[in-house]
Every structure is written in structure tokens, then in C-alpha cells.
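In the two complexes that follow, chain A is the common piece, with chain B as its partner first and chain C second.
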Partner chain A sequence: MSAPPEEELPPNITVATRMATFFRGGGIIAPLITVLVAFLAGGLVVLATGHNPIETYSAIFKGTGFNWIFPWLSEDDRIIAALNLQQTLILTTPLILTGLAVAFAFRCGLFNIGGQGQYIIGSIFAVWVGSSFEGMPALLHVLVAMLAGIAMGAVWAGIAGLLKALAGTNEVISTIMLNWIAIWTGVWVFNLGSPLQNDNSDQVDVPVSNDVVEGAKLPVFWGDPQLQGLHLGIFVALAALVVFWVLLNRTTLGYEVRAVGFNPDAAEASGINVRRNYILVMAICGAFAGLGGALDLLGWQFRIATNDIQTHTLAFFGIAVALLGRNTAIGTLLGALLFAGLITGTSVRNLDPTVFEPQLATNLTYMIQGLVVLLISTDVLVVWLLGRRRKRRTAAVAA
Partner chain B sequence: MTPKRIGWGAVALGFLAFFVAVPPLTVRSPIVVIVLAVAAMAAGSYAITAGEKRLGWGGIIAGLIGLAGGYAATQSGVENLERVVVWGALGAATLRYATPLIFGSLGGLFSERSGVINIGLEGMMLMGAFFGAWGADVTSSWLLGLVIAIAAGAAFGLIHALFAVTFRADQIVSGTALNLLAVGITGYLFVEIYGDLGTPDDLPSVPNVSLPIDWLPLLGDIFGELNLLVWLALAAVLMTWVFMFRTPMGLRLRSAGENPLAAETAGLNVVRTRYLAVMTSGGLAAMGGAFLSIGFLHTFTQNMTAGRGFIALAALIFGRWRPGLALAATLLFGFGSALAQRLPVFSPSGAVLFQALPYVLTLIAVTGLIGRSIPPLSLGRPLPRS
Partner chain C sequence: MADAPALELRGITKRFGTLVANHAVDFELRRGEIHALLGENGAGKSTLMNVLYGLHQPDEGQILLNGEPVTIDSPRRAIGLGIGMVHQHFMLVPVMTVAENLVLGAEPRSGPLLDYKAAAARVRELSSKFGLAVDPDAKVQDIGVGTQQRVEILRALFRGAQVLVLDEPTAVLTPQEAQDLFVVLRRLTEEGTSIVFISHKLNEVLDIADRVTVLRRGEKIDTVPTEGATERSLAGLMVGREVLLRVEKPEQKVGEPLLELEHVSATDDRGLPAVNDVSLQVRAGEIVGLAGIDANGQSELIEAIMGLRTPTEGKITVAGHDVTHAGPRETLDAGVSHIAEDRHRRGLVLEFDLAENLCLREYKTPAFSSHGFLSPKKMVARARTLLKEFDVRGGEPETRAGSLSGGNQQKVVIARELSAAPKVIIAAQPTRGLDVGAIEFVHRRLVEERDAGKAVLLVSLELEEIRSLSDRVLVIYEGRIVAELPPESSEEDFGVYMTGGGRG
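Let's turn to the complex of A and B:
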């Protein structure tokens, strides 16, 4: 790298110094370039394997439904776009929440890879509460089911926080382990003859949960409930973004969290209880992810099959979402929209197979996601931008 | 008797409590199991009070496992027991399940001993699995397939090294990125090349090694007909140990992971060492993946490693970054998988829960209940730029 040494990130970078470097590097430009580079690389792969990248990307874009906002769209196209956009926004909901689960931990200097496990635990308890207690008042039932997801997600992530606080266990390792424990517990709990397998006599040999009862379903407010319209969960996710911002920027806890993220030793020396922060932060992260799982279940999935748990990849997108969004509220929202659009646009349902095979496109999404995370892991782009800026400034001063 | 011996005795008693209840001994009375397990726990507690904490806790846990397993065995039918607990078949299956984990954890060992965290093992294994199958298919030779798999893994290792060492990236983030990237790359190429049909049925596969030891009672069943890669994995453990702890190069590699500045001062090229270590890591992990696709299952399916890279990482941590202990951990996890595969005779759902065992054990291990796993000192820290 050609950048002078004082502009480089120090060897033991904290999240806060990363953020500071990033903002000096030009704010939103670096993530934009990152996404651009990732899409270009993906396009090259598409080109190299003998497909047309421009047609592919425009077909994917059509599938996202984002073209709904274009005023020149014909009436028929608008109806299709609306349907697609509803799907994108349905996926945006859990992505915002799993993104927040990663972002909040990052701000405290923790890396929460456990979003997946926390999401699964949240969805297990939401489906359990949602499919039992029939006859509970509708609004109350939804709230209780959501709270069950939130609480158990918090407990699950809290284990990692507790271990970190008490024994200094690396949260990366413990959250990875908790992911897999959650997956196998989930597979077990809905398996044949297990406690939460459905009681439907037609489905004795299907490893799937009971259906969420009508009263516990989140109401659909845009589109047809029969065609998987958009449910109210998106507003809950947006509210969570506000909670995240307020918690982080307007409360004592948020101040402490950021202080610990900046430098745990200095925070400890100035009287902040770092261990308590670790536990609290992980629990809050788990609450976000657990809520994500609960909203998916109560909003549009209504049941879990053991297969879904094993092949589940949605919560892993949370890492890319948070990193791309620089662990800020608004960034997480934009990152979630981007990846939700990509997932919907490349789904079998929305992508025209004559243009590009949806199965290929799904893997293209994984590749782009991986590239985004890889590029952000270094901040090479940020440092490079900083270097350019400084050069330009010195050039201006000289002239 | 020293507390240490009592501690070991406690561990042995705990396992004995389970062992007496299954074939060939098949003691049917739960009292024997309970007495042995309680003795194990008592000896364990004594060892703890006498200062031997690690072994003592190990004894208590072994006692609990022995109690649960042994009691369950006495309560189930003899026929079922004899169908499940066939030691020869279990032993062979244990080695088969452990092989990808052995390669993976050795790969992790190289990388992490040199100071580079490798969360990307899963991705490297997946690359090996795909490119092993593809290479074997294209060249019609399992050997070349294996070579191509290793090359693909090493290339992935090179990317990790580039980001972790040169760009001084957050190594956990870049490792996570590699896992995601591997799913995308292998999935894309798989769909592009093989489509819906999947890999061809006549995929060349790594041969088994038939030893003329059928007449040996137990060993014949276990070691008589193992895949070549299983033997290679076991050899790799020994070679890794010799390399890491008995050669100057191994010492250099470890010094890069413990104190890179001192190593640099002493004239070692830390950057080059780490590059080579991470690439070796990728190659080894890829061999584990190739074993899955062309040694064991004879096909490739999308995301077929299914978390084995993370179990390998768990085995590495559980084995405290040491080849021998890591081998022991992979065998333990492999035995768990082998047993889980046969348990559905009793209860299909209980067997599923068994799959979570490696992760629970690792979680316990990293919390330091059974002695703390201490990573290399400079794990995850890039070399400060001078």
C-alpha cells in the first residue's frame, strides 16, 4: 500500500477507530464502491461462464420490485412490481434485525456470529407460543409470541455474553458453537416423535411444527394475505432501528457500550463495568435476532420444518448487512434493503429462467455477499480513499 | 496414590460404567453401572479437593456420561444393543467420520499456530470437496483430483493470507467472508457445470486399502478396509507433530504465532511464514473436503461440508492447538457421529440431539471448566508495521 503510515489502521484496531477512519475516508462512498466492486466481480463471473451480465442484472433488478417507484411503469408492470416489492420488504424485516444483532455487538467491540442461532431460537419459541394458547385475544397473542422470541433470543446470546464476562471466553467461538447447538436442538424439537412435532394426524411422519393460529398471525397491510402480502413486521423492524439508534446515542448504556468498543481497558479504568456491558450487549443483540425469527414465523412462514432449520442461511446475511452499513442504523437499513432485494430478485419465483438460471443467481448472491464482507474486512478501500484525498489536498495547497 | 492417578482412575471408572453395560460384557443390572459411576464421581471429587482440578472434573463428567449411557443401555433390549454396539463397525465408522475433521483441524493448526485465525476452514473444505470431484471428473484420475483440490484449497488460503497478513484485515471477518464466498463459488460452478443431474456416477474415487488382517478379532474389522485418505490423515497427524515440535521450521512457525516481533528481530520473515502456513492450512482442509466428495460419498452436493469445518475448528480448540490432542478430539467427535448414525434403532429424535454434542463439549472446553484452552499468544494480530 502506498498510503503513508499515519493513515493506516493500527494493528489492534477497535471498532471505533475503524469507524473514525471510515468517516474521514468519505462516509458513504467507501461502501458504495465496495458494492460496486462486488457486483462487477460477480458480473465478470457471469460473463466468464457465457451469460450476459447486463441482462442478468437487469432481470434480477426487475425481480426485486424496486422498479415500483418508477413513475413511468405501466399499470400491469406496477402490479407485478408491487408483488415483488412486498417479497423484498418481507425479507428486509429479518435482515434489519439480524443486521442490528451484529451491529450492536460490533459497537461494543464484540463479533456476534451467533445471529443464526439466536434467530432460530427466537423462531422456535415464537412458533411454540403462536401455535398454542388458542383463544387468547389476537393482539395479545402476537405480542406474547414476539416477546417469547425476544426473550429467548436474548437468553441464548446472553450465554455467550455471560461466558465472556465470567471466563473470558471468546465470543466468536462460543456463538459459533451456540449456532450449531441451536440448529440441532431445533431439528430435534420438531422431529418425528419429539415434543413440538405437529399433532396433525395427517402429518405424523412429517417433521414440521404446528401452524401458528390465526389470532397470532401478524396482519397483512399491503397485498393479498393469501399471496404472502407484506405484514406489519416491517414497522416493528423499523422501530427496532430507532430503538438501536436511541439506545446507542442517547442513553448511558449506549455511551458505555461505545466506550467499551473504543477501548475496554480505558473504559474499565474510568469506572465502567465492562463485564456487565458484555452480558447486556449480547442479550440485546440476541433480542434483536430473536425478534427477527419471531416476525418471520408470525408474519409469513407460520410453521418450521426441520429442513428449513438445517438449510437456513438468512441470518448469516446479517453480518454482511451490518458490515456494509458500518454498524449504523441507517446503514443497516440500506444494507438490508440491498440484500433482501438480491435474495428476492434471484429467487426461483422472480427470476426469468430464460435470462438466467435462478439457481445460478442464488449462488451469485452468495458470492456477492462474500465479496462484500471480504472487501470490508480490510478497509483497504477506505485507506486508499483517504490517501487520495490527502494527496489532492496537498496538491491544491501547492498550487 | 497421587491425586493425578486418582483423577485418571476417576476418568477410567466413568468410561467403565458405560462399557460394562454394552456388548460384549452386557451387564444387565443398573446397580453395577450406578456403583461404578458414583465411584468415578467420588474419586473425581477427591482429586479436585486434592488439587488436581482438571482431571477431577474430567472424572466427574466421565462418571455422569457413563451413568447416563450405561443406565440407558441396561434399560434397552439386548438385541438392539447388539445391533448398535458392534465395536468393529463403530471403530471403522469413527475413523471415517473423523477423517475430514482430522484434515480440517490440522489445517487450522498450521494457520493458527502461525498467528492467523482461520474461521474459513469450512470454506476451504468446501472448495476441496468441489474441486476434488471436478478435478477427478475432468482428469479421470482421483490422484489428480486430489491435487487439484489441494491447489484450490491453497489458493483460498492465499486469499486469506493476502487479506489477513498483507492487508491486515480483521481475520474473523475475512474468514467469514471466505466461507460465504466458497458456498457461492462452488454452488455456482456446480450448477453451471453439472446442472440438475449432479456429478457423474462414475466419478473416480480414492481407493480403499485392504489389509490382510481379517483374522484379527477387532482390529481386522476396524483397520482391514479403510480408505487411503484415512491412513493419510493419521500419517498427517504424526507428520504435523514432528514438523511443528521437532524441526527448526516448526519452531519458526510457532514463534511467528507467539511473538512475531521477536521472531522478526531474530531474522525470521514472519510475513512469508504466515503466508506458507495459511496456504498449507488451505491445502490440508481441502483434503478433508476431497475425502468427503471422492473418498466417502462419491458425489458432490451443494454446501456438502455442512458445518464440518466448524467442528474441525472446535476439535482444534478442544485439543488445545496440539496435533495429538486434536486427533483425540476428532476421534471423540467422530465416535459421536458414528454412534448417532446407529442410535435411531432406539429413538430417531434422540439421535439427532446427539449431533449437538461436539459443540456442547467445545463450549465447555473453551469456558475453562476442564482446563482452559490457551491459544497462541499473538493469534489474530497482524505484524505491526515498522
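Let's turn to the complex of A and C:
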């Protein structure tokens, strides 16, 4: 292994290559250190506000519900931990899916920042299908609503893929713009007098959708449905992780995706249709994110209000999840668990206000998320920029 | 120290990993002379000058300025020592004026503000002193290329350059502008500046330079005065002879043309013509060599054949099948194999393992996949067979391609391309960066393919390789086929055509 650095990295360094090299070099250590540093920084901030970091993190940990697995817990504590863990796992579902929506794109060398918009589109169509077709058998109704979310999420992201394939449009910009289009379309479509506003006579002035019918709701298998127990969606998310892995590593499509991600020039020269891949990859990412939106809706939201759309930002965590998880299936799972835990652990409902004010704590979560992205993405972004400049140079300052 | 040369490079050696870019190169620049540095791309001229300019540190050797040894660890230091460089790609800010560009980095100040008047005055002063006419207030984006170059030269002089290095200065100039430049250069030498003129254009070198140093493959071949030299003699030095690798070639049995190009033209990435009206044929059972200096259209020609670039004119046929507008997939399926000149860019996915790389062309065929699902077992089994057949060392099917040596990587590429049973083989720089053993292996395989009735187009910068393998040789210059020569022709004959001479 005496190949010098110049020989080891190809001249057309892509995001996927650099990430792979970086992650190969760092192994599992790199993400662990990233998380550690992020938490340390968070702890310093907590200290600066006059609170005890150890107590705070301990309270947050209790809030996540992960302590439920400890056998020495008392009965009462166990009941509370169960409730907390259900909440955490409810959040893990969309985080896995929006994480996959970003990870799959990264493997192809694409930046999918449109997870939020794709999620929203998915949930809009899920609520529309879920609140219509009253008489449909339950299983069918749930499946059709989920499929609607998947399909339309795919279409939404596919627009960005199409633009990139046909016009070379930068997908970072197009997906972000599509986010905004999705948000404002969503706000409009449930607004007063708009097509999807609810039909209830006592909610004429409320800009909210119809409720999902009972038959279309995802069954709760742990906890009390009245208290927002854990629904079956988590298994769908876990299945999606398997689909992600199989797709990427065992199918010809996944082979093409990885080839294009590592070296689009070699892929092209071998006859792979790079542009077709961009479209397909973005569509698949949108499918994942759209499914996330559908599952949340059918699992516990059951309706959408214009307010919900405007204040929802969960899908953006998907970017941090994917980066932390090194764009792998298992990594996405762990990253999703981490951030779901952080969000529930610092929420008003779960965090002991005598230890740390929940309002402050939510921001702590955002801060840690930002640090994670910063620490990972700085390196990747810089090399991406360098790689693009190197491509444009013609006659070289070279040997 | 009045007799000491203005600049002396002694025994400069520079390595990049296993690649030796410069090997014990000596270079001497006398005061007030114009000394040309001649050689093909990859000969080491740019590396040598980058060492001088502080962009690289030499592994061995010394630099002396006016007889005093110096260490140059950065361009800033080089500039401080009076070495100025005018790059092939100008480093000017288009939206700023000439005066602003000139003083960039060393701006005259009045308080905290730029003293523009002083800058403009400086420009006029230097302009008249050296006879380089420029308008200080013109924006760089509004002036012509020839004038931009003059600004670059002025900038170097403004920093007090005594030694001026010009990297392929006439590449972007019209013939008239080139002549104007030469007038300027002669004027500069009268004022005491010493000039290094990097070029691969023989006629210009003979026109402007006092002496010429020829580099080839990182070695200095010779330094000769231009007086008494001819294009022929210089060409011979440039492309000349090296390690003789003669391949045993049985008698040729030639068949139908399998690859035909008719009046093919194509443009490069910048939209400039790169391939000009090329017509050629490669028949079954022959190796046609395409000789030429780098960047004369070979890459674009290969891309046009392989479907990676659409020709603007002409027709390309493979075994009777029109592939002019076909993409890479169709061209590969028509029976063409491509041993890419840049194996890291077009040939391999370094992050993939060997099994995956060996399937790059055929992963969709029933041999390796069914209903969209890959069969890793089949891929690995096939890889094992191929790795053995082609004597690839340093890895198993599960080894990452990037960790193999260059020679073994190339064997992987060749294994993949030749095992696809092609009719036509395009071999571009097939032995670049390989050791002698690997080179011999590749040459042997290419001749075997030729004997098996394939049509081989060999594109190489190594004249010796072309001469020893080809049955016929075509020479390409500026995108045109300018000659067809028998392989036994002398290096000088080849050299003349390769450098654009011998026409008309």
C-alpha cells in the first residue's frame, strides 16, 4: 500500500469518494468523536447559562426513555420511561426516512436538501387519501395512503432530478426552492375556502384538513392510543432501512448509483446513463421522505393545519442524521435514534423543568445538531469545492 | 560575481510518489539571454519551473541566483528574489483595471486608501521603459489577450523581476501578436532581464531564443545554441530514442476495416476545434498507431469514437454499424473496447473493489445479474478467473481498486476490456506509468489481439511504443492527420510531422 496520495485519489474527486475516504480513514471513530465534541460544546453552553451539564444531560437522557431498557428501574420510573421511549421511537420513524432520503442521494454524489418539502408533499397526499374513501377496508386504505405519500414524494424530488439531468441545474438550489413551493402550496391548500380544507360545519373558520378516517390510521401496538402510543410505522421505517441497503448493495440500480457517486466519468465511459440515474435517485429519495410524511400523518398527526406545515422542520434533521450515519443503513438508524432522543429528551413534556428550562433545552438540541453538521460537512464541502475547481483547470501546473 | 549566470539550477530532482518528474536536471540562464525550455507535455518543464517559483521543493539539487545559493519555499520568496512568472492561464481580475491588477498585492497607499493615481503613473512609467503599450485605466475584461499578456509581464517587472519565466506564452496569441511579443522580449533583454521561454513550438524557439534546453521524461537531454540548429535536429532531441522494447510480431493477416472514420470533426470542452476532418481506417488484424504530441486532438478523437463526445461532422462506423451519434453504451455494445488514457478518471472506480470494477461493462448481463439483482458470487468468481489470467497482483476480488499499484490497476482495466471479446480495441496510453514488466505484458496482449483478428488503434505519446507495435503509423497534429509513415521511419521524420513541420 505504498501508493502516494496523488495516485490514490482520482483526479475528479467527488463528494462520495471523499466521504468514503474520510470515513474509511476515521472508521466509526470519526462520528463518535463528532458527537462527543458536539455534546461537549453543548455542555459548555449549559455551564455558561449557570446550570450543571451533568445533571442536564442526565435529565435529558431520562427524557429520551432509553433508560427503559435498564432492568433496575422502579415500576413508576418504568412507566414514565415507557411513555418517553414511545415518543422517541415515534420521532425516530420520520428521522430514519428523511435520513435515508439524504443518504441515498449522497451515495450518488447528490445533495438532497429537499427532504422537508418531499415530506410535506407526502403528508398532504396521505391526508387527502386517508380522509377520503370512507368505506375502504382498513389495510387497503392504509396502504393506498402510504403509497400516495411515497409516489408524490418521489414525483416532487424527481422534479429536481429531472432539472439536473436535462439542464444541469444544481440540486441544492432546486430542492431548496421546491421546499418553499411545497410549504406554501400546503399552506394554501388547507386554507379557508381552499380545496382540501375540512368539511366540518363546526370548523369552517379553521384552516385545517379533514381528519384521517379511523380505518386509515396506523394501529398503535405499544402504549395508549389516546396518549399517542407507538404505532406500526416504526416497522415500516425499519423495513425501509433494509430496502435502502438491498437497493444500494444488491441491485444493478444500486451498483450504478454507487459508480456514479464515486466516479461519474468512469461510469459514463462504461455505458452507465448518468442522467437517468440522477432522476431515479432523486425520485427514490423523495419516496423515502414522502413515506416519512405519510407515516407521521397516519400514525399520530391525523390532520394537517396550515400552522403545522409552517412550523415543521423535522426533516432537516435528516441531513445531520445521514452525515453522522456516514450514509449507511445502520448509521442512519443510530443517528435517527440519537436525534429523536435529543428532541424528546429536551421537550417540554419530558424534561424536568427544575433541572433545565425546556425552552432553552430545545435550542440546545438545535445547537448540537448544527455542530454535528458543521464538524462533518466542513471537510466535505471544502474538498467538493476543490474538486470542482480542479475539473475546470485545463493546462495544468503539473508534471 | 559578475560572470555568474543569472540563474542556475543544479541537479534538480523532484518526485511525486513513484513518479520522477525531474531527474538531476541542470539548467543555466545567462544574463540577458533568452533561453528556451523545450519538451513535450509530461517532459517536466512545468515542474522544473514550479520548483523555481517556489511551488514545489526539490528532493535534490540546488538553485543559484547570480552565483549565490538560495532556498525558494514560496512564490512570495521567488518574487522577492526577482523571479517573475507569466503563466499560461493569466491570473488577472477581469473586472479591475490594468493599473489595479498591476499593483495587486503591493498597492501604493495614501493613508488607508489605494492611491490609484500612483498606480496608474507606475504603469505608464514601466510601459514606456519596456515598450509595452497598455492603457492603465482599461478594464482587463475589455482588452485583448495579447494586451492581457503584456499586463502580466508588466506585473512581473513591477515586482522587480530580473528573471522572467514565460510558460507557453504564444499558446493564446495570433501569429502577429506573437511577433509583437518577441519584439518586447528582445527589448527586455536589452534592459538586462533574463528570460526563460517554455514552449513546444520549434519554429518559435528557433526564432526568439539564444539557446535551447531539451527535456524528455524528466531528464535533460541537451542544451544547444539555436544558431545552427534546425527544426529537424530539435525534433529529434525532443521525441528521440529510449529503452528499446522490440516486440516479436508474426506476419500480418489483414481483413476488412472494422473501424472507419470519415471526415470526422469535433470540438473540445471550450468549443474550439480539436479534431479537424479526420479520416482513417483500422482493419481486422492490424495495429494502427496514432503518433502525436499531447493535446493535438487525440483525446477528443477517442471520445468521439467512444460516444463520449458528439462529432460536429463526419461519420464513424464500427463493423458496418454507424456509431457517429451513439452514446457509450451503444458503442461498447457494437464491439469496441476502450483502454482509457486516464485509468483513474475513465478506467476505474477506485472506491469499488476489483470484482465490481471488472463488471463495469457487463453488470447488467445475465452472467452477473437477474431481474435487477446482482449476484456477488458470480462477480467474485469471474474476477478470480480474470485476475489470474491477466496476472494481476496486489489484490483479491474484494480489494479496493485504489490500493493497487498503477501497473496492476491497468491490468484490471485491460482484463475487463479484452475479456468483453471486442472487435475493435482503442488503446490510449496503455502503458502510461507502468514498469517494464507490465509494459511488456500489455504489448504482448495487444499483439495477441491483433493476431486474433481484432482491429487495434494505438494512441500513445511514446513514439518508441508506437514504432514497435504498429503495422502502420498515422501522425496527428492540431487535430489533423498530417502523415502516414511506416513504423521503421526515423525519429526525426516522425518528429518533424509531430511538431507541425514538413508541410507545404
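Definition applied: the second predicted complex is superposed on the first by the 356 of 399 C-alpha atoms of A that agree within 3 Å, B and C clash if a C-alpha of one lies under 4 Å from a C-alpha of the other, contacts with A are read in each partner's own complex, and residues count from 1 in each chain.
To be clear about the criterion, contacts are C-beta pairs under 8 Å (C-beta built on N, C-alpha and C of every residue); 3 or more make two chains touch, one makes a residue touch a chain.
Since the model is a prediction, treat every value here as computed from it, not as a measurement.
Student: Let me test your reading of the model: by the given contact rule, A:Val187 touches which partner, first (chain B), second (chain C), both or neither?
Tutor: First partner only.
Student: In the overlay, answer first, second, both or neither for which of chain B and chain C A:Ala157 touches.
Tutor: After superposing on A, A:Ala157 lies clear of both chain B and chain C.
Student: May I ask you to name which of chain B and chain C touches more residues of chain A?
Tutor: Of chain B and chain C, the partner in contact with more residues of chain A is B.
Student: Using the superposition on chain A described above, determine whether A:Thr251 touches chain B (first), chain C (second), both, or neither.
Tutor: Touch status of A:Thr251: second partner only.
Student: By the touch definition at the top of the document, which applies to A:Cys108: first (chain B), second (chain C), both, or neither?
Tutor: neither
Student: Under the stated touch criterion, which partner chain does A:Asn363 make contact with: chain B (first), chain C (second), both, or neither?
Tutor: The answer is first: A:Asn363 touches chain B but not chain C.
Student: Once the structures are superposed on A, label A:Ala266 by its partner contacts, choosing first (chain B), second (chain C), both or neither.
Tutor: second
Student: In the superposed view, which residues of chain A touch chain B and also chain C?
Tutor: 1, 5, 8-9, 11-12
Student: Please output the residues of chain A touching chain B within their complex, sorted ascending.
Tutor: 1, 5, 8-9, 11-13, 45, 49, 111, 113, 163, 166-167, 169-170, 172-174, 176-178, 180-181, 183-185, 187-188, 191-194, 310, 313, 316, 319-320, 323, 357, 359-360, 362-374, 376-380
Student: Would you tell me which residues of chain C are touching chain A in their complex?
Tutor: 16-19, 21, 42, 44, 46-47, 50, 55, 87-89, 168, 171, 218, 269-270, 295, 306, 308, 327-329, 332-333, 338, 340, 342, 344-352, 356, 359-361, 363-364, 369, 372-374, 376, 402-406
Student: Applying the document's contact rule, which stretches of chain B touch chain A when the two form their complex?
Tutor: Counting only chain B, the residues touching chain A are 119, 159, 163, 167-170, 172-174, 176-185, 187-188, 191-192, 306-307, 310, 313-314, 317, 347-350, 352-353, 355-356, 359-360, 362-363, 366-368, 372, 381-385.
Student: Per the contact definition, I'd like the list of chain A residues that touch chain C in the complex.
Tutor: 1-12, 16-17, 20-21, 250-255, 258-259, 262-263, 265-273, 393-399
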